[in-house]
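Two complexes are shown next, each including chain A; its partner changes from chain B in the first to chain C in the second.
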Partner chain A sequence: MSNKQLNQVFSVVKTFLAIVIAMVVAFVIILVVSDEPMEALYAFLLGPFTSVRRIGNLIENTIPLIYVGLGVCVLWATGKRTLSGEGCYYFGGLMAALASIKIYFIHGKSLTVTSMVIVLVVCGIMALLPMIVNLKYGTDAFVVSLLFNYVMFYIGNYIFSNYLMDITSTSSGSYPLPTDSFLPTLIPGTKVNANLIVALLMIVAVWFFMYKTKWGYSIRLVGLNPNCAKYVGINVFAVCILAQFIGGAISGFGGGMEMFGRNPRFAWFSLTNMGWDGIMVATLAKYKPQYILFSALFLGYVRTGADIMNRSSDVASEIVMIIQAVMILFIGANSFLAAMQQRVRVKYNEKAEKEA
Partner chain B sequence: MGILENIFTAQFIYTIIRVSTPLIFASLSSLIARRAGVTNITIDSTMLMSALTGVLVSAFTGSLWLALVSGMVVGIVMGIFMGYFHIMMNTNMILTGVAINTFTNGAVVMILYAFTGDKGSSSMINSLGVPGLEIPLIKDIPILGEILSGHNIFTYVAFLMVIVVWFLMYRMPLGLRIRAVGENSSAAKSVGENPTKIKLIALGLSGFFASLGGMYLSMGNMQVFIVGMTSSRGFIGVAADAMGQGNPVGAMLASLLFGSANAVGNVLQINSFSTDVVMAIPYVVSIIGIIVYSAREKQKRESKIKRAIAQAEKLQGV
Partner chain C sequence: MIAEAIQPVIEMKGITKIYPNGVVANKDVDFSVRPGEIHAVMGENGAGKSTLMKMLFGLEKIDKGQILFKGNPVTIAKPSDAIALKIGMVHQEFMLVPSLTVAENMMLREEPVKGIFIDRAKAVEETVKISEKYHLPIDPHARIIDLPVGMKQRVEILKALYRGAEILILDEPTAVLTPQETEELFRQLIILKENGHTVIFISHKIREVKQICDRITILKNGLSMGVYNVKDITEADISRLMVGREVKMKLDKNKAHPKDVVLKADHLCYGYGEGKLKVKDVNFTVRSGEIVGIAGVEGNGQRELLEMITGLRKIQRGQVHISGMDVSKMSIQQIRDKAKMGYIPQDRLLFGVAAEATIKENLLANRLSHSEFSKAGVMKEKNLTKKAKELIQEFRIKCGGEKQTVNMLSGGNIQKVVVARELSTQRSLIVIDQPSRGIDVGATKFIHEKIFELRDADAAILVSSADLAEIMELSDSLFVMYEGEIVAYFKNLEGVTEEQLGEYMLGINRQTPEEIKEAYYEQ
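Here is the complex of A and B:
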């Protein structure tokens, strides 16, 4: 077994172990907290599959996670880690609502497309500031992006409360989005719509971009070794900006697509926390776009299960956050199992030497 | 002129100080961690956890001191826990932060639900609070007394802590060690320091200050715990510290700026103004502040290099 194969095996084992540990922690908590632990466990583990509507919920919860996960994959690929996904997701939702409500001369699906193009461009541009000042002046990209998310939120909230707020409606939120711009429903009886297909296509597109194009390769090279990338003549500045633009655009795209079909009105009164969720999805997928579907599905599954458990038993749905946290801690911990990996590597190398 | 009348009063300045108190604690918390080379983004959740601990312990034991001590212990433990995963387990700083924040936001609700049967607030149980303090002589001075006296004890502690932290960072061996480790971990190691230990101590201290900020919210400002009551104050603390450039006094001033914007926002809201613009100002100001600072630092570095090159060329020429 070569070193590369060994690393891959350990990466899989580590992810699997982290999930197992997290689930065990969750079971222990349920056993301690609940008066009827078996029913709670049943609702948690199998609940999402008991009806079409619940499977629909599972898929609905998964779709936005796919977008934010992909967003973080690209945002973090250059090694400069920013939080722009959070602000962009919010702003994407807002821009989609703004465009589809205010643009009155386009109708139907072409309005959807126009709005989403606007979302892509605006969110991509909004994500750039932290990266530009980082590259130009060496400021901390993470802190600036964290702060700029709040700026984005307040700009968005200003637009929302001054131009979109529907005061006449009883439900607080924006004016309703035009119904003819909604995406067609795929599974009757649920809210699963064409967004699912777009999300799957997006995974393929991001994978293709990152692994099969010159630009994607440059981004990954900068992430591996920026000095090397500079030496072989890659324009590091442009590459970082490009990654940030695409990552922000994808995150915003996810927020925007949520508006067409799932929410009849825009009603986000705070940042959505989806940017942080995206970090979790991407970490679980080892920052590889091809695994995003599985990690998003897994997170969507535990969330839907926790929701159902919350409604049908005495365990609070917040347990899902503890599961996620434990998982991320163990997957992210580079020293977790490192000693064992080293021992196995030494053993294999010794064996190989003997045979040689 | 309703707005101006509302702003230029002693009461308003009193409000600024009140609103800034948790921000000062949060910025000091961020300062110590960042000086040791760790961007602590778990301050917000540490505050929340300590706030809950203080309320629950005081409600179930009836002892204020026990509540304060256990709140602080929880804060310190959370700081060291972050340190353990970030430094000993070699986990990325952001990931550790995300995990701990997620964990706390979930755990807080579950614990609250288990003890009070309510998922939103602790209003079902009676918790204790830290009282306010009238300062004997100052409270009789006309305007100054109105501004400075009658604050919660936590508020006075906050300003005291600014001095303590300044003293710690610049006049004590531990502060020097923290700064040395933060600036160059390897260099500190080469002279026999143990960076891991010092970083853990710094994160413990960071957690301690965050816990004070959290307990001010649930035991000083109000006497109830509400889920999400920190409302990102921990992150604002990180911003205030970044704007203060790692100096405790700077961090305090930046916290007061954030507090002022918050207070002005409240006044504008009463006068049915859009608060969003006002609320965004501190963030915009601190972003600009950080950019200007690092641009100046970069310029300094470059001019130093240029001078060195010029000198070298001169020497060669001779």
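Here is the complex of A and C:
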């Protein structure tokens, strides 16, 4: 086994172990707090697979996680970490609702496409500001983007209450979204629609962009060594801006697609937290687009399970938060299993030498 | 090989160290030092000298093996363990706080106190006491930032002695010194030896080791090649053991035939608002078909000068023209593509490569926009791979294929990656900062040959090196920088000695303005 393979194996083992440890912690808590722990565990672990509708829920929960996860992969690829995914996801949903409700001269699927193009452009631009002030004036990109998310939210809230809120309706929310713009349903009896296919295509597209185009290459090089990138003649400013635009656009796209079939009205009255979930999905996938499907599926599964457990037993769904926290703790810990890895490395080295 | 007759003060037995990137830095290395000797550790870069010493000082963890101190096994897990055993280390990069005085640096973490306040008078007194005891004079009130490199090194040595060190590890101490400063350091080391101290001297300069060391341990590729008495071994033998083959040191070099002016620097200044100017009114030209060298102690403005020429640093005053084009109005990409400038930077891991990217990605980073390698932004993988393979062969980069990451390579091979990228396209100007810093003899020779080859193909070449022997071998003409100014210019180097250059480098001597003016060739 070469050193590279060894590092890969340990990377996988560490991620897997982190998940296992997190789940064990969750089980222990369930056992302690629940009066009927077996029912709760059953609902949590197997609940998501007990009916078509629940499998549907699992997939529905997974799709937006794919988008925000991919968004973070690109947003963070230059090494400049921003939280713009959060604001962009919200704003994407809002812009999609605004466009599809207010553009009255286009109908049906052309309206869907037009709205989503608007979402891509607007959300891409929205993600730029924190990066521009960072590059130009040296502000902290992380903090500014965090605060700017609230700016986006309040702008959105203004637009919502002045232009979209349906005061005649008994349910709070916007005017109803035009049903002819909704995406076709894939699995009858669920809300799983063509968005699933688009999300899978998006994974391929982001992977292709990051690894097979010169722009993706430039973004990665800036992330690996910004000094070297500058020195070989890459325009670091432009590359950082590009990464933010694309990452913001993808996150916004995820929010926008939620408006075409999953909800009858736009009804987000706060930031959605999806940006933070995106960070979790991306971290679990080691920031590689090709692994996003698995990490999003896992997180979607845990969430769906917790939801079902919440409804069918006495354990609250907040247990998910504990699982996530423990998992991230172990995945982020560089020294986790490092000593063991070093021992194995030395052993393999000696073995390889004996054979040679 | 010599038998151990005297009880060694330190013994390292069967030391093995593997880094997380898979590099085997040391393999079953035995190493021992006798009390009161100056013991050299020699080897090419990447041979494992520094790693071995870092383990002795507790900076790296030993994977296998044992350390014996005066015959007893000890564990050195952190530097404070080593200090407790009276081992001190002077690193290549000085560990001093530049804004504090000598006395304050000496007492860091061991400050004498009066009540809750630091007793500054006592600190000064202690510093004077220790400096007199070892005959190493120093001004305790001077701030580190104002001291020349040789003095900073002396502070480091005194600091180690103040903490009670009896065994002193010096990691390539002469790399940053002028010939005069080196002589001074050697004098100090002899004094320490006479006082009963033990010195471990890491170096790859054979001449220096012959001059002051008693015994020598030679490392190659992480393995020990044996311990020898310095007086019993010839320079040729040492070289053979280090490199594994005879290396012809002098290269054949054709006579230069300079043609048109390619690089023109007019009244370049840098460092406004930083106290004093780092570059002061520098004027010179480089013509195609010649190699112009910059000699000087590091930190005398060479780096700033080169970075202004290559576009990495904004020009504050003055002008740089490459083939008639004004560099200050161009982006780095334009300087590289239009003005055809190639640049090999001093710090290859900081600027030269992205260590976690593959060799292929590093080799071709500067030419992705060329139609040969990408179309509508999509990279042409086949062509990229083919080109990378060609370059690996042409520049003899020792690696396990183009998909390996660069951090798996040795220093010399990383430098070859940078050189291959920079020199494999048509260049009219090539700027090289420290061409052979920390790389082995073989790779150095290869790079020097490439430089001559390109000069003979009419490229204009500007080289800066802190290694006097190297800069004298490479340059056709040469100027010396001291405190940001050109203080001497030599049209050709016949009859010029290292000592002469050393005097200009230290600011002892200075040519007349008329002589210096010759560095600027009027067409």
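In this section, the second predicted complex is superposed on the first by the 349 of 356 C-alpha atoms of A that agree within 3 Å, B and C clash if a C-alpha of one lies under 4 Å from a C-alpha of the other, contacts with A are read in each partner's own complex, and residues count from 1 in each chain.
Definition applied: a residue touches a chain if its C-beta (ideal position, glycine included) is under 8 Å from a C-beta of that chain, and two chains touch if they have at least 3 such contacts.
From a predicted model like this one, the values you see are computed outputs, not experimental measurements.
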Fill in the blank from the handout: So, after the overlay on chain A, do chain B and chain C clash or fit? They clash
Problem - More chain A residues in contact [chain B versus chain C] - result: B
Practice task
Pick one for A:V25: touches chain B only (first), chain C only (second), both, or neither.
Solution key: neither
Handout entry: First, second, both or neither for A:L45, with chain B first and chain C second
Key = neither
Practice task
Could you look at A:R220 and tell me whether it touches chain B, chain C, both or neither (first, second, both, neither)?
Solution key: second
Practice task
Tell me which partner A:I187 touches in the superposition: chain B (first), chain C (second), both or neither.
Solution key: neither
Handout entry: Which of chain B and chain C A:Y231 touches, first, second, both or neither
Key = second
Practice task
Could you tell me if A:M321 is touching chain B, chain C, both of them or neither one (first, second, both, neither)?
Solution key: first
Fill in the blank from the handout: Seen from chain B, its contact residues with chain A in the complex are 39, 41, 85, 88-92, 94-96, 98-103, 105-107, 109-110, 113-114, 119, 232, 235, 238-239, 242, 274, 276-277, 279-280, 283-284, 286-287, 290-291, 294-295, 297-298
Handout entry: Residues of chain A that touch chain B when the two form their complex
Key = 29, 33, 81, 133, 136-140, 142-144, 146-148, 150-151, 154-155, 157-158, 161-162, 276, 279-280, 283, 316, 318-322, 324-326, 328-329, 332-336, 338
Completion exercise
Touching chain C in the complex, chain A uses residues 2-4, 6-7, 212-215, 217-218, 220-221, 224-225, 227-235, 341-342, 345-346, 349
Exercise for the section: Provide the residue numbers of chain C that touch chain A in the complex, in ascending order. Expected result: 16, 18, 20-22, 24, 63-64, 310, 312, 331-333, 335-337, 343, 345, 350-357, 361, 365-366, 368-369, 374, 377-379, 381, 421
